[in-house]
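By written order: A, B, C and D. Residues from 1 in each chain.
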Amino acid sequence: MAEKLSRRQIAWRIVQDIHEGMYVNLGIGQPELVADLLPPDRDVILHSENGILGLGPKPTPEEADDDLINAGKKHASLVTGGAYFHHADSFAMVRGGHIDVCVLGAFQVAANGDLANWTTGGDDLLPAVGGAMDLVAGAKKVFIMMDHNTKDGSPKIVEQCTYPLTGRHCVTTVYTDIAVIDIKPEGCVVREKFADMTMDELQARTGARLTLANDWHLLATPNVG
Amino acid sequence: MVNKEKVSLEEAVADIPDGAVIHIGGFGGVGIPVDLCDALYRQGARNLTVINNGVASGKVGLAALIGGGRVRKIICSYPRTPDPEVFEKKYRAGEIELELVPQGTLAERIRAAGAGIGAFYTPTSVGTPLADGKEVRVLQGREMVLEHPLYADFALVKAEKADRWGNLTYNKSARNFGPIMCMAAKTSIVQVREIVALGALDPEAIVTPSIFVDRIVNVPYPTKET
Amino acid sequence: MAEKLSRRQIAWRIVQDIHEGMYVNLGIGQPELVADLLPPDRDVILHSENGILGLGPKPTPEEADDDLINAGKKHASLVTGGAYFHHADSFAMVRGGHIDVCVLGAFQVAANGDLANWTTGGDDLLPAVGGAMDLVAGAKKVFIMMDHNTKDGSPKIVEQCTYPLTGRHCVTTVYTDIAVIDIKPEGCVVREKFADMTMDELQARTGARLTLANDWHLLATPNVG
Amino acid sequence: MVNKEKVSLEEAVADIPDGAVIHIGGFGGVGIPVDLCDALYRQGARNLTVINNGVASGKVGLAALIGGGRVRKIICSYPRTPDPEVFEKKYRAGEIELELVPQGTLAERIRAAGAGIGAFYTPTSVGTPLADGKEVRVLQGREMVLEHPLYADFALVKAEKADRWGNLTYNKSARNFGPIMCMAAKTSIVQVREIVALGALDPEAIVTPSIFVDRIVNVPYPTKET
């Protein structure tokens, strides 16, 4: 048995919490995997900041249109029923609370729901924020998709973010390679944990105090690669 | 399969409770969702707050709601009609409250509610009685008034075509307040002349994208204000 | 010779100050006469608050479309090149300074450019403001079309408005049946006056102090009915 | 006869002075008016302030303006590109100023400039470094930041079709910032793939009405960002 979920498995897990009819914005990078794992018979309508509702799958090279890209600046397609609009209308959807779920990556999530995902404040990369601050301020639910720990083993779920914030009190749920954790008024509540990992083991890899939900269960996913 | 179509006007407005705040589209009788208003009248909800450009005339639609004593308060820009029976009599008798708002401020306050804007400053109405009691600040060298969003629990809107997801187009000047009201209400209910297949509306020409629409009802021959 | 201009003649005079390519909003009532007197070969694009650019002439009964009305709620038409949009976009045009000229009626205009044109504050009519306050706050030029005096002979151009204001310091020029008067920082400046009326005669019919422009001339119009 | 068409890119940008503030449309290379930017490069204006979502990449268009040292300041949401040569080097050398703005706030600030809104409150960026020094107020139970309009002297925009009055349509996601930038600039200059007869654009599907457009130039085969 694997020791943790693959990224596609995390994406699959997130898909279980995205329901028919939802309007969803997927962040650039790992969250894009969520689109690949949505069942084709589930009408989930994807929003792209650059003026698209009904973002479709990656086109073939022949179908690619240079005027049709997603927020990650890659060629995209439009599903039947999709629509185009301008940037102010696009962010009216975001800021106005019309997006049911956004899925974003993170550097850090704090027990109070604070999120840091746009800059480490270091000098290695220029600070670039894009639409992240608008999304976390406006989406009804903010799902975070990330590894539970950094490459060097540090926790990414912390008592207080040390990196510059993207937003305060905005995270709904964190989906990691070993747990599903809801951010509630009382703090981090483990809804699911991986395989036979104990709470002590999970707590040891987490920088904020965890509690276990009464109705917690095992984080189990099929093999989706 | 997402399908926002309701089988009847009755079903579409069934859950509007007493005391609800309702955006009602239309300007000068054009674009008024008369059939939805009439269904709401039959449904019986009372004590409503209605946001519309005017106060309606005639005997059906919004005029019926007002005339029937269902409306506690109107927020509008133009509460004057040729027929004083419906609104004016009730207003002078103190039976209905009126909040008068400049038309552009009305539209922008509705848009602000839909776009998640907490408040905005506008030069409109500075120095007039409609700015009384409002915060004024100098911006860009001009005095501006602070205005707040106009949220609603429900929007009743009339459009031309819809698909089952709720993408909408309108007809000519019947567009007026429809698109911004769909944005600004928790639940937007739209009567459309025609429901078309998903994909039949040009994605470049959809005026209200489906995300702003909750329910649609097909009313091929809409009732006019009379 | 007539003692004053007819309303159509006032409208004709206003038309002389409306140039090719201008975007113009005409208030309900008398200002609508301006549309009738625009030369057909002059591209002036009329804006209607209810979401129309390129408002055309009154349609025949056969052509009338119940979904196409002007701001005065009368059947209208659309010219070639016209466009439809929603109310927030319509008033973005107004408030954002994109309308070159609006033409409105008035109860009173003050020497400082204050305008009162929406309510007399009396109890006879319900107060109704429509788009007037937005128009005077946003249009580049605000032209007032009115009789110089009320029916009982009182002046409508005054030192200070006594009726509730529509806007402050907003009037550009007043076109009356006997004069064209620019509202300038220094007050009311007569640009044109009717026939052989003397300044004393004009002043006697005006409630604010007038000065005569150096380049003033006679207010002369053809017979346009 | 109103005809906003200019015969050449050069004529369209001839009067842009040193120090101008310029909205430049486009997102991720799509909808960027590369040919207008190149014409502006050849024209020689310096010391420009540019508002765009990013900082461009490649060697033409906005990248050429930045690389050529014509841009004093960039206001954008995403100043990061795969190629650090153009912007990053200049930024780290202190040769170009950067104002970082969340993308939705950027769009709304541009719209506010076009719509005559003096300032607005948004929940976006509250509690983050991008709200530092900004006024915060509680509205609708949430902390909100006060944001100001982003005016420009000129807008350079790319669209799909125009008529001689300047009515515009766009193509797919190339619409992005174009419509709001046309609204927000004193003079908006649009390169279009095709100029069509007046009346050829459906009045229901015109995205930018002519009132927001000052100049159009026909560029049937637009240059791409490379």
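Heads up, the rule we're going with is that contacts are C-beta pairs under 8 Å (C-beta built on N, C-alpha and C of every residue); 3 or more make two chains touch, one makes a residue touch a chain.
Quantities reported herein were computed from a predicted structural model and do not represent experimental measurements.
Visitor: What is the shortest path, in steps, from chain A to chain C when you may only step between chains that touch?
Guide: 2
Visitor: Could you run down the chains that neighbour chain B and chain C together?
Guide: Neighbours common to chain B and chain C are D.
Visitor: Compute the distance, rounded to whole Å, between the mean C-alpha positions of chain A and chain B.
Guide: Measuring from centre to centre gives 35 Å for this pair.
Visitor: Once you find the CA centre of chain A and the CA centre of chain D, what distance in Å lies between them?
Guide: Distance between chain centres: 30 Å.
Visitor: Just give me the whole-number Å value for how far the CA centre of chain B lies from that of chain D.
Guide: Each chain's C-alpha centroid was found; their separation is 33 Å.
Visitor: For chain B, give me the residues that contact two or more of the other chains.
Guide: Counting only residues that touch two or more other chains, chain B contributes 108, 111, 115-117, 122-123, 170-172, 204, 207.
Visitor: Listing for chain A: what residues touch at least two other chains?
Guide: 78, 84-85, 88, 91, 94-95, 137-138, in rising order.
Visitor: Among all the chains shown, which pairs meet the touch rule set out at the top?
Guide: A-B, A-D, B-C, B-D, C-D
Visitor: How about chain A: which of its residues touch chain B in the complex?
Guide: Those residues of chain A that touch chain B are 20-21, 23, 43, 45, 47, 53-54, 78, 80-85, 88-89, 91-99, 137-138.
Visitor: What residues on chain D touch chain C, complex-wise?
Guide: On the chain D side, the touching residues are 1-2, 111, 113-117, 163, 165, 167, 183, 198-199, 201, 203-204, 206, 209-212.
Visitor: Spell out the residues on chain A that touch chain D in their complex, using ranges where they run on.
Guide: Result: residues 48-52, 65-69, 71, 73, 76, 78, 84-88, 90-91, 94-95, 114, 125-134, 137-138, 164-168 of chain A touch chain D.
Visitor: Considering only the defined contacts, which chain B positions touch chain D in the complex?
Guide: Those residues of chain B that touch chain D are 108, 112, 115-123, 137, 139-140, 142, 144, 148-149, 169-172, 202, 204-205, 207.
Visitor: So in the complex, which bits of chain D are touching chain A?
Guide: By the definition above, chain D touches chain A via 27-31, 53, 77-80, 87-88, 91, 98, 100-108, 110-111, 122-130, 170-180, 207, 224.
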